[in-house]
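You will see chain A twice below: alongside chain B first, and alongside chain C after that.
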Partner chain A sequence: MSLKRIRLLIWKEFIQLRRDPLLIRLLLIMPVLQLILFGYVVAVDVRNLSTAVVDLDRTATSRSLESAFSGSGYFTITQQLASENDLRPLLDSGVVKVALVIPEGTQDRLARGEAAPIGIIVDGSDSQISAIGSGYASQIVAQFNTDRRDALGIQLAAPGIDARVRVMFNPTLDPINTMIPGLIAAIMMISLLAIMSQAVVKERESGTLEQMFVTPIKATEYLIGKLTPYAALATAQMLLVAAGGLFWFKVPFNGDFWVVFTGLFLFMFTCLGLGLLISLVSRTRHQAQQAVMFIMIPTMVLSGFIFPIQSMPAIIQPLTNLIPLTWALQVLRGAFVKGSGFEALAVPMLALVGFAVIIFGAAIVATRRRISE
Partner chain B sequence: MASETVPEERPGAQRPSASRRAEETPAISVRCLTKTFGDFTAVDGIDLDVPRGEVFGFLGPNGSGKTTTIRMLTGTLRPNSGSALVLGEDVFGHPDRVQRRIGYMSQKFSLFEDMTVDENLKFYAGVYDLPPEEFAAQREYVLSMADLVGRENELTRNLSVGWRQRLALGAATIHEPELLFLDEPTSGVDPVARRQFWDLLYDLASRGVTLFVTTHYMDEAAHCNRLAFIYRGRIIAEGSPAEIRANHMEQRIFDITTSRADPALQWLETAPGIDEAYLSGASLHAVVPADSPLDDGRLRSRLVAAGFDDALVAEVDPTIEDVFVNLESRQR
Partner chain C sequence: MRQALIRIGAIVRKEFRHLGRDPRMLLAVVIMPVIQLLLFAYAISFDVDHVQTVVIDLDNSPASQRYLRQYEASPFFDVVARGRSLADVDSAFDHNTAQVAIVIPSGFSRTLAADESAQVAVMVDGSELNAAKVSQAYSVALNQLYSQELTRDWADAQGLDLSSLGLLEPRIRTWYNPERRSSDFLIPGLMAVIIAIVTVQQTAVTLVRERDLGTQEQIEVSPMRRIELMIGKLLPWTLIAFLDVALITVLGRTLFGVPLRGAAPAFALGAMLFVFASLGMGLLISALAPTLDSANMIALLVAFLPSFLLSGFAFALDQIPVWLQWISYGFPARYMVTIARGVFLKGAGFTELWPEMAALALYALVMLLISAVLYGRRSSR
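Then we have the complex of A and B:
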């Protein structure tokens, strides 16, 4: 290997990248715009849900419970109904998404120190709304109970209002905190694959690849010379997109900077390697683009980025381990949200290292073999 | 490498000559070279000998194995069997020993189109690790040879095809190779530029560079000292143009011009006493057996009788093209 030739190849690559008018846009501007756009889409916060109230109790307690709901910002009380029977048509037609039913005698039960059940009915046709809406509702009720106990100075064990909804996960109820770290990784993968997959096949089409391998340039020199400029640009992209996620969406960053950086960096190399490999084995640019699509679709569906892996059929679940993004998500979500460190994330980190090693090994083999065919 | 001595200085735009032909091993010596892709045998046990300083024409129709052979000889493709010595080195065992001393130019010209003329030259000079003084001399030579003085900072994608071709030749020879492979270097280039390009190749040859040129333009075959004709992976004729004409062409050729070439060709193809007929340039060529009683007058009167009143007939010496059409039809 000759450092001089590697430097020469890097110099050449930078000149070409500088003259590519689309590159900066594709590599730096587009991912940030995508992050902001997709960030809002994946992070739909459920607000101002139209809510009907059936207040059969008509007491101070029931009214303060209603105002706790309307004051939260998540629920807007649009209907006051006299009977539960009026609810059904409103829910059916989608006029209201949530209904709050306060039975007669709620205040009396509470006064007697009994549990007072109330009903919260959620429009189940939109799973997002039902999950998040019911979550908010139970939080409001819990807060209401706490406030009431505090005000009356009652002991903790005393029963309060018993809302018949429960939150199973995501207690902060903010989907943005788990989606943004995943989105950062997904966007990086899309843009790096798109760009890197063209890098070699472009030279194959123009004949310069063939030309270079008649010269003393070695396969590894070529690969290093090709990869270095792209890795530099990809690092800039990574920092930019991660900063965008943190500052624009104000995702609380509980983690260690170096854990997140290492995770993203390893994942970046996996993406660059994958793109390089596609580029090496493709004969035309078009073929390379199709290969990227072929990889991206299962990645999005199976990595847990959109659908939770736990909800996939048992036979499918092991497959998700073959997808680099699966591990990147574990690292990023763990580090961003839970503040996990290197020890806790050793398995996914090592998995990413493994992917990088396998992919680059394959790239070297592919260069040696495919250049000549 | 020991064989790479510093070339002697020459003034002006003249290129320093390749002065390293001390050991007079043949430029190329190939034995039983075979390459298969799956079931397809691209190169089928060929033997080749190219002495130093020759302009060697490697001819054949598209897909006959020309490019595959070049790729093996330049060390980018491994054969299934056979051996090849290039400049005395085993190219499959030590491609790196060979690659520094050879040049290669493909029909795609292989310039970086998003880089300038100067940047392309600088890149290839760097690849071969040319010292700065030598690069300066070579750059000056290439720019004047390619007629690109004053256009050093233009992107090569903006150059028209003749300039690109000459620049590609300059880039491929910037390290003064002893042996230059040219894979259909003139395809897609207009006749004037082709002629100029061959002048440049002669210039290289006159300074002792061995040229290995593939082409499917048969008129270019006449530019070569020696020819080999490859067909379906096999070499079916080899020698100087004169030898090939003498050894592979027993038949006689008539050149026929008429305003109604198409029907005349159809008539000739079925006429008794004529082995073969085909278009050659603007006229028709009819091949007859060596002992045929036909001469210019007799053939003309038969053509006139068949309704081709304006037909002009002249017996001609076979061109290389005639020989190869003939060889090809015999192979089928």
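Then we have the complex of A and C:
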């Protein structure tokens, strides 16, 4: 193995990268853009849902129910309507997402000790909003009932349950805290696949691959020279995302640096291997690019990066184990959010080792065969 | 004019021949959308149930067992393990074997028997966000219900009538999608994402590739005019995009039973305008990008990411910061998602959706014009 040859090859890759200054800039803009998009769009808390109120009761009770809704922070009352018929156009156009209908005589019914129904309408065309909105609405009404009973001074010496619900690790339930660790792994995968997949096929298309093989360069040297620049680029992108997450979004880091490092290191080999394999199998760069998309989309959807794995049907859940990113996410989220160590993360770590060995190994074998052909 | 049509026809044939030569590409533009549809429709959902729950019953009495049965009976919680001490909670959370832990302290039954409120700890793993949010709400509700049940039992035993209290009863109605099926919500929006991926990405590289391969000069010395080349290049992708739209619509209707409540022509027109807008965007990238790599990367940045994240397809746009909302208006995908969802779910037609259609038409026009001008300038150099 000759270090000089490797160095020359790395140099050559960098020269080629520099020839397209736009590409370098794009490679650095991409993580920033993704940080912004994922940080502000995906990791958004459902709050301040625009709500219309149809108050047909117009009493102290109905007003205090309204203020219970607007005071919760989950609902913002933007419209006061005189009739239920006015709701349809507002929900149709999406101006309001939730409507609260308080029928006439609600206060009287309560005073008579009857059950008083109130209507809560949620826009089901957005499943996240309808699920979370209706959950919060029932919680607010339940609290309203309890408060009302307390205010009436009814003290029952009855047995009851006093449940203390505590959210561990991420008490504010801020989505960004689980998004950033995932994004670090996802960025690495996206950019390594996007560039690595083009690496060999590009040389083949321009015919420089044959030239390479008549030089004294060996397969291992070729691989190291080819992989190092891209690994360095991906690392730079990852650091950018990590810095943005820690300093801009103020994501807490509770874990061990070495756990994160080991996990990412293993995952990097998996991604490099995957990119290389695509590059070797594809005949044109266009094919390579399509193959990347073919892998990226299921990975994004099934890994649990954006959509929770638990919410997937039982048949699909085992499939998620075949995706390397799933395991990388477990390691990163475990370390970032829960502060888990090597012992607790042994299974995902071993899975990552397995993927790295198999995929990277296959890539090396395939490259050697290609070169010796 | 006839000459022009012949020349355009030649380019269209050439493009299709390229496609035919590379069956994998054809696979990519026809089979991929189907796979994506199945993937998104089956796998994506924000509904949470069967949350793995570990219970630690330090009281171990009939009262605590009766309380725990509430969790076992609920479809929301899946009691997967019983622990002996609080250390079991840590280990279950660390190893991801449970997301919720319920700890009943010893003395639970004694407190209840003394007609007092017994404390119970419910711990939720906050690193699983959706599960945590919903678990929190459900455990509060479950405990409230059980408390009421206990109170009622107690009142019955004491011979008291509690019905005089009066309660507000929330009646929750979900409009447009009463069963809250995620696929109804996602499939119409998915069209925008899939069309954007197929069309922008493909057209973005089409002109750059000619440049890279050196066939650009050959075309330029032919009598072909630039506008003809552009039309010829775009036509095959327009056809493929329409095919994809039709495919997704048919599969969505038959396989997933997505309702089509509105005016189908409105949807067809919207989809057509969106396809043109996307093609214009791809062409613009193609005219601007110096290399294939950059073209790919830009396509990823301006087509895939915004149509996935800034279109409202899965993530609510009115929840994001205002400055990002303004940016989202700069990408065509959000209009398409509004049109698709409006027609499929809300039964909307031209009267409700004309602003979105106008926006898409304007977008397509501007994109195609700019890229025509840019492309012209580039080749005359």
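The rule is short, and it goes like this: the second predicted complex is superposed on the first by the 242 of 373 C-alpha atoms of A that agree within 3 Å, B and C clash if a C-alpha of one lies under 4 Å from a C-alpha of the other, contacts with A are read in each partner's own complex, and residues count from 1 in each chain.
By our rule, a residue touches a chain if its C-beta (ideal position, glycine included) is under 8 Å from a C-beta of that chain, and two chains touch if they have at least 3 such contacts.
Because the structure is predicted, anything quoted here is derived from the model rather than measured.
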| item | value |
| --- | --- |
| Touched partner set for A:Val365, first chain B, second chain C, both or neither | neither |
| Touching partner for A:Ala236 - first (chain B), second (chain C), both, neither | neither |
| Of chain B and chain C, the chain that contacts the larger number of chain A residues | C |
| First, second, both or neither for A:Thr284, with chain B first and chain C second | second |
| Contacts of A:Val41 with chain B and chain C, given as first, second, both or neither | second |
| First, second, both or neither for A:Leu23, with chain B first and chain C second | second |
| Touching partner for A:Gln139 - first (chain B), second (chain C), both, neither | second |
| Touched partner set for A:Leu350, first chain B, second chain C, both or neither | neither |
| Touching both chain C and chain B, counted on chain A across the two superposed complexes | 20 |
| Chain A - residues contacting chain C, complex | 20, 22-23, 26-27, 29-30, 33-34, 36-38, 40-42, 44-48, 50, 65, 91-94, 97, 106, 109-132, 134-139, 141-142, 144-146, 148-149, 154, 156-171, 173, 175, 177-178, 190, 194-195, 198, 283-287, 289-290, 293-294, 297-298, 301-302, 306-308, 310-313, 316, 330, 333-334, 337-338, 340, 344, 347 |
| Contact footprint of chain A on chain C as seen in their complex | 22, 24-25, 28, 32, 35-36, 39-40, 42-48, 50-51, 67, 91, 93-96, 99, 111-134, 136-141, 143-144, 146-147, 150-151, 154-155, 163-178, 180-182, 184-186, 197, 201, 205, 209, 289-294, 296-298, 300-301, 305-306, 309-310, 314-316, 318-321, 324, 338, 341, 345-346, 348, 352 |
| Residues of chain A touching chain B in the complex | 2, 4-5, 8, 11-12, 15-16, 19-20, 206-208, 210-217, 371-373 |
| Complex contacts: residues of chain B adjacent to chain A | 37, 71, 74-78, 96, 99-100, 102-104, 106-115, 119, 123-124, 126-129, 155, 172, 181 |
